[in-house]
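Chain nomenclature is as follows: A, B, C and D, assigned in order of appearance, with residue numbering initiated at 1 for each chain independently.
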């Protein structure tokens, strides 16, 4: 089915069409489930003035952080600056436009963007700086603010497996924002660990149907870990204990 | 004496009930997991998309694809489930989580909470905290009662940008367990060896003290 | 984990607490993926004045149709009357209050109810009878109407498998509205074909996490088919052909 | 001569392109699946939660858990996926479906469509039709051009309650293929052997006829 074969063979092809000042929605939570090589390709291209929508912005030298360091990002929509010193520095210095967005609102904005819902009400952020300039309205005696959907010119997504039609399966908490980003991109590019034959994925178990996906590329991943926390090998798994 | 971080976690753990789905924030709240009474079962929700968080992995078990909201490597408990971030916050925003525990810089008598930024100095971002405080009915805030310089963090009005408005009903500090209602703080318990007067002194907002205030039991 | 064991052993227990004039959200599409025995139990209980939220209302003698025939339903929120003659009769005669709701809007209302979104905007229904009495607003030059969330006192759900914690897996198109209904019930009752041990379901492949589920019961199902359409056994599967 | 149901479906199928995701409504639109050109591939979306609908099952393959939006038993094509109704309409409402084909009682020169009720007589319900017409950019409406009594169904203004407003751009009737733009009908093609005059006569709304109108090719 040539018309549905989404697989591309080079990163250049994967990110073809990305130009200055576009909006890119990126999956991932921290460094978990990020499209490492698609980010590297954006760095290589040197595309400038990007608006990046992503829960975090990587760390200084990995993930989306490399695009910050390389001054390719004009604006970030994110929930957490956290562990990225360069992000915090550029933000505090006013060199970077930052729209801090609550994590759940950010997720819902992406979903709404993909689902053709232009706006929704949420209690999240009522009475906080997030509510400034937004309509407030009461439903059943409770206050909510109006939040608008987000869509991107591109979405960059990391999945575990894909088939050639772009049907996707994610793995563990590397799923996070990825299915939402996938739905909200005009052009959705997906990097995967494995490309399987069409028909190999159980239709009941596909997380993102191929209809949302435009391009698929097989990559190899570093999968850097931010907080390597362990327990001794001789210690039994105790219920709930961390 | 003021409670240690571990003691705060231990006291919070007493509020857990069998069958609770619980979201524990970063920092002290995370420690609560270490004190779940053996007689009950709870499931931990991690807002990055995991219900049923297990303990840290052994070196052999480490999986970069399996982290918690604090970006720490974790494991899954038996019966865990994985979902995307929109589903995770649907759970939270829809009020399906039974108890949320999170930290704060300040709370006030109206149940407002500030926890994510100090203008001009520190902007971590709110992460999922705004969603958590807006979505949960049952929240316990853990924090130190006052700064190192003795400045109260339990205020008449929060001075920092809010994380949520009118949503906090319970605060556990290193000195006291406090309920917020009717625009006042109400002292429920005091840390062992801490007298009521000290708590009153370090609480800026009106603190109601009714009768004998029991010491926390551990 | 006693606190998370959702399994009940009788239908009486499964529907305990359902009283007159409550709202019941029901999963299923036509007769596919309906909670047959939970419906039968509601009939047995004789609960009256119910508001039923469901895409369809079964057929005259099966599915939710039996509650119509038995005059237990005061109001229906549905997208399609279709093949149910008694539904159409009661509606045309004004004996039944009917809120016709577009199918996608209905699905999204249930999802919103479960997700704590009180209301959202959609282009569906603009300029139609569905828009009457609803706020209309323009986003990016297009008109939308405001639709409010739905929640139910009870949700009745049919899944394929559950574990004791109420983690659910659905099968094929019997999924339909079921996960949405599950999320939107104050008390969510799920009927399944099989109850498996906790840990047997792959965490990556659970469709509805147990947090949404209050009670689980194992049932046996008739699974009646509305339109039995077939092709001759000797006919090859031709692409797309029906 | 007026097109048969099959010929209408056949002509619609010519509008399909390789790689299209297509939603076919109940009735004539469903028949389009039988005329997909062998040179291209399309995937059929069924709004009850299936992308990649296959042919009807053999007796042995029948599965009560696998139906289409018309409640007919179906099969899955290779590469199909299953999802819940909210996800299905997210696809539709979000404009991810490339082509939607559905029936109607009436359309008018402003692209309005009426298809789900005749007040006092027939209320089927809109099912997914309102979502489909509001969500899709590319819609083909299939219908008979006029009633048995010669009353046009291509109107200046729809008389029945609307399914959607200003959303229809293409109509294929048993007599003609028509485009709607600038508040007018535009005649693109005529059914084999049907003359322009007959189409004009049976079209209530203004019909623009520019130059020679070709016959449909099959």
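Worth a mention:
Basically, contacts are C-beta pairs under 8 Å (C-beta built on N, C-alpha and C of every residue); 3 or more make two chains touch, one makes a residue touch a chain.
Since this is a predicted model, take the numbers as computed values, not measurements.
With centres set at the average Cα position, the gap from chain A to chain D is 36 Å.
For the pair chain C and chain D, the distance between C-alpha centroids works out to 28 Å. Averaged C-alpha coordinates give centres for chain B and chain D that are 55 Å from one another. Multi-chain contact residues, meaning those touching two or more other chains, occur in chain C at positions 108, 111, 115-117, 122-123, 170-172, 175, 203-204. Shown for chain D are the residues in touch with two or more other chains, namely 41-42, 76, 82-83, 86, 89, 92-93, 135.
Taken chain by chain, the contacts fit none of the simple shapes, being neither an open path, a ring, a star, nor a full set of pairwise contacts.
Going by the touch rule set out above, the chain pairs that meet are A-B, A-C, A-D, B-C, C-D.
Within the complex formed with chain A, the chain B residues making contact are 30-31, 33-34, 36, 38, 41-42, 44, 46-50, 53-60, 62-68, 70-77, 82-86, 88-89, 92-93, 112, 120, 123-131, 134-135, 161-166.
On the side of chain C, the complex with chain B involves touching residues 1-4, 111, 113-117, 163, 165, 167, 183, 198-199, 201, 203-204, 206, 209-212. Contact residues of chain C toward chain D in the complex are 29-33, 55, 78-83, 88, 91-92, 100, 102-108, 110-111, 122-130, 160, 170-180, 207, 223-233, 235, 237-242. Contacts from chain A toward chain C in the complex involve residues 108, 112, 115-123, 139-140, 142, 144, 148, 169-172, 175, 203-205. The touching residues of chain D, counted against chain A in their complex, run 17-21, 40-43, 45, 51-52, 76, 78-83, 86-87, 89-97, 135.
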